[in-house]
Amino acid sequence: MSSRLDEFQSYRTRMNERIAEINHLGINRFFNLDTSAYKDGALSGKTKELLGLVASMVLRCNDCIDYHIVQCVQAGWSDEELLEAFNVALVVGGSIVIPHLRHAVETRDLARQK
Amino acid sequence: MSSRLDEFQSYRTRMNERIAEINHLGINRFFNLDTSAYKDGALSGKTKELLGLVASMVLRCNDCIDYHIVQCVQAGWSDEELLEAFNVALVVGGSIVIPHLRHAVETRDLARQK
Amino acid sequence: MSSRLDEFQSYRTRMNERIAEINHLGINRFFNLDTSAYKDGALSGKTKELLGLVASMVLRCNDCIDYHIVQCVQAGWSDEELLEAFNVALVVGGSIVIPHLRHAVETRDLARQK
Amino acid sequence: MSSRLDEFQSYRTRMNERIAEINHLGINRFFNLDTSAYKDGALSGKTKELLGLVASMVLRCNDCIDYHIVQCVQAGWSDEELLEAFNVALVVGGSIVIPHLRHAVETRDLARQK
Amino acid sequence: MSSRLDEFQSYRTRMNERIAEINHLGINRFFNLDTSAYKDGALSGKTKELLGLVASMVLRCNDCIDYHIVQCVQAGWSDEELLEAFNVALVVGGSIVIPHLRHAVETRDLARQK
Amino acid sequence: MSSRLDEFQSYRTRMNERIAEINHLGINRFFNLDTSAYKDGALSGKTKELLGLVASMVLRCNDCIDYHIVQCVQAGWSDEELLEAFNVALVVGGSIVIPHLRHAVETRDLARQK
């Protein structure tokens, strides 16, 4: 079970490499823009990862949630802080977010074990 | 033109009072839960307002954007920091967010004039 | 102010007539299918209007909310019953639904005055 | 294959217990509010489950669909009535709902076998 | 009434200039990427404008619909072709798209008068 | 791994047959309308499949993406043309579309192998 996160990351890496190999200029530039959006600036990269996480939760995308939780854990957000962000996403997005909250809590637990 | 934000806030106040008058237990409790979600906790209320703003932008709700921008300005977020949050929302949500980015930039300008 | 609902209905009628005039087979058939979906069947038309209302609220479409509230009022749903449906939509869809809840409460009040 | 629904329910139970163990006040209160929204009131709990089902279908959440179908079957909605609700969701939400209609029909069949 | 489209375009121009003045690198690059996405390439710019239109309709953004209809008319799509694209959007997105179909038909009529 | 697409198609066929067997008039008519929307008309069926693909990507439905990619490949769209459509969907829908871009690229590769 603890391999769910590993499988996601390995699939993500493999397909991102496939996309890089295809080498479409617009798509490449979008990926660069996406990476840049989370770099330190007027807001810290750490804060921006949390913004990305909440955006992913209200838009209900498990892969995006997994990606941002791993980034958030690495950036130093504590379990209590992540929970508060999960709660904002739950209140904004409603009960339709609950399956993604379950997923997010599980991912957070898995990410701590690594 | 600078009255757009005033009109929104006056409509919002009037209808929230009407909803309070109706006094439905579930709705009342939801409103309380919503208010509580942005109070200081493991994350500061200031940070949570920014999370609420980005969530509102990617979900593309102008009224919610207006509400959270006013809160964010009052909480002390600078123009540069708000822009960074707008940018995260734009990258996550795509060009469909652009009309709401225009709205958000206008609201930020209006909120600064008050 | 009480004319908001009249303006919506007159715009809706005028543009539906324009669309009928254009006479695109696929679009015509979709409109027929849409009308049929709310007719009495295994579920009553009254129940199906309430389903349409909640669907419109969680998808956050004010025009659709206005249309279904008028239909629901005509079908005989009471204020208390409509509020319960609003509450389900609010819990499922979250605080992003609140601006549409305000709109729905106002429309319900306007529809009662007619 | 008939175990898909069992796996969902066992995962749902396990993660809800994990979330309860975490014991975040806001999240706990949201879960209570969610449960309360479907209790008998001005509308019957049975009717509200059907509203929750249609909301879940147009928002395209399979886990939510599974949850509400099981509740709807227990509440006494017949196959014909559920189909009518599926149809409203399909018309409101469009062909993008079709994969979730397939899922819902399968879940309804599985829920009847239990 | 025929000024609705003019007002949108003037607001859009004014706020895009305000955003350009703010000069945020990430946002600037996103706007460039957005412009580039509709240039002639393996697909013609004309075809890509139609893709952008249908995407805007199923995502239910009136401002985006207005923008892409004007572009599509300029690119040479006929009324009959635009209607076919509207129909695809309607079938994919469902009746929740109908208010935006009304808006799109009106905008197409307005754009032809210019 | 190359069986992912086969499994989807076999599940889709099986459940569509189950739905046909249920024989609900409204649902049957919706399926017919859906099929008709992609037939040659003022726009070619080939163009309309590409519209359906982009709509599916911005609405983030993997099953719909798989269906339309197979149709697009059969209709004669080249890899380069499909990539351009993917790019429009990515720019309109933002980084939340990236997991579906990975899925789409993989499906395109699988569809070419068949």
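Side notes on the structure shown:
For clarity, chains are labelled A, B, C, D, E and F in written order, and residue numbers in each chain start from 1.
We adopt the following convention: a residue touches a chain if its C-beta (ideal position, glycine included) is under 8 Å from a C-beta of that chain, and two chains touch if they have at least 3 such contacts.
The model shown is predicted, which means the values in this text are computed figures rather than measured ones.
Chains making contact with chain B as well as with chain F: A, C, D, E.
The set of chains in contact with chain B as well as chain C comprises A, D, E, F. When chain D is fitted to chain F on its Cα atoms, the angle of the rotation, on a 0 to 180 scale and to the nearest 5, is 120 degrees. Interface residue usage between chain A and chain C, two copies of one sequence, is largely shared: over half of the residue numbers at the contact are used by both copies.
Relative to the C-alpha centre of chain C, the farthest chain centre belongs to A. Comparing the centres of all chains, each the average of its CA atoms, the largest separation from chain B belongs to F. Should one ask which of E-F and D-E has more C-beta pairs in contact, the pair is E-F. Our note on geometry: chain A versus chain F, Cα centroid distance of 26 Å, whole angstroms.
Centres computed as Cα averages put chain B at a distance of 30 Å from chain D. If each chain is reduced to the centroid of its CA atoms, chain A and chain B end up 23 Å from each other. Along chain C, residues 26, 30, 33-34, 37, 55-56, 58-59, 64, 83-84, 87, 90-93, 95-96 each make contact with two or more other chains. Chain contact topology: the protein chains form a complete graph, every chain touching every other one. Chain B meets chain F in the complex at residues 58, 90-97. On the chain A side of its complex with chain B, the touching residues are 33-34, 37-38, 41-43, 47-48, 50-52, 54-56, 58-59, 78, 80-81, 83-85, 87-89, 91-93. Every residue of chain B that touches chain E in the complex is listed here, in rising order: 60, 83-84, 86-87, 90-91, 95-96, 98-99, 101-102, 105-106, 109. Interface residues of chain C, counted against chain E in their complex, comprise 11-12, 15-16, 18-19, 22, 24, 26-27, 30-31, 34, 55-56, 59, 61, 63-64.
On chain E, the positions that touch chain A within their shared complex are 26, 29-30, 33, 36-37.
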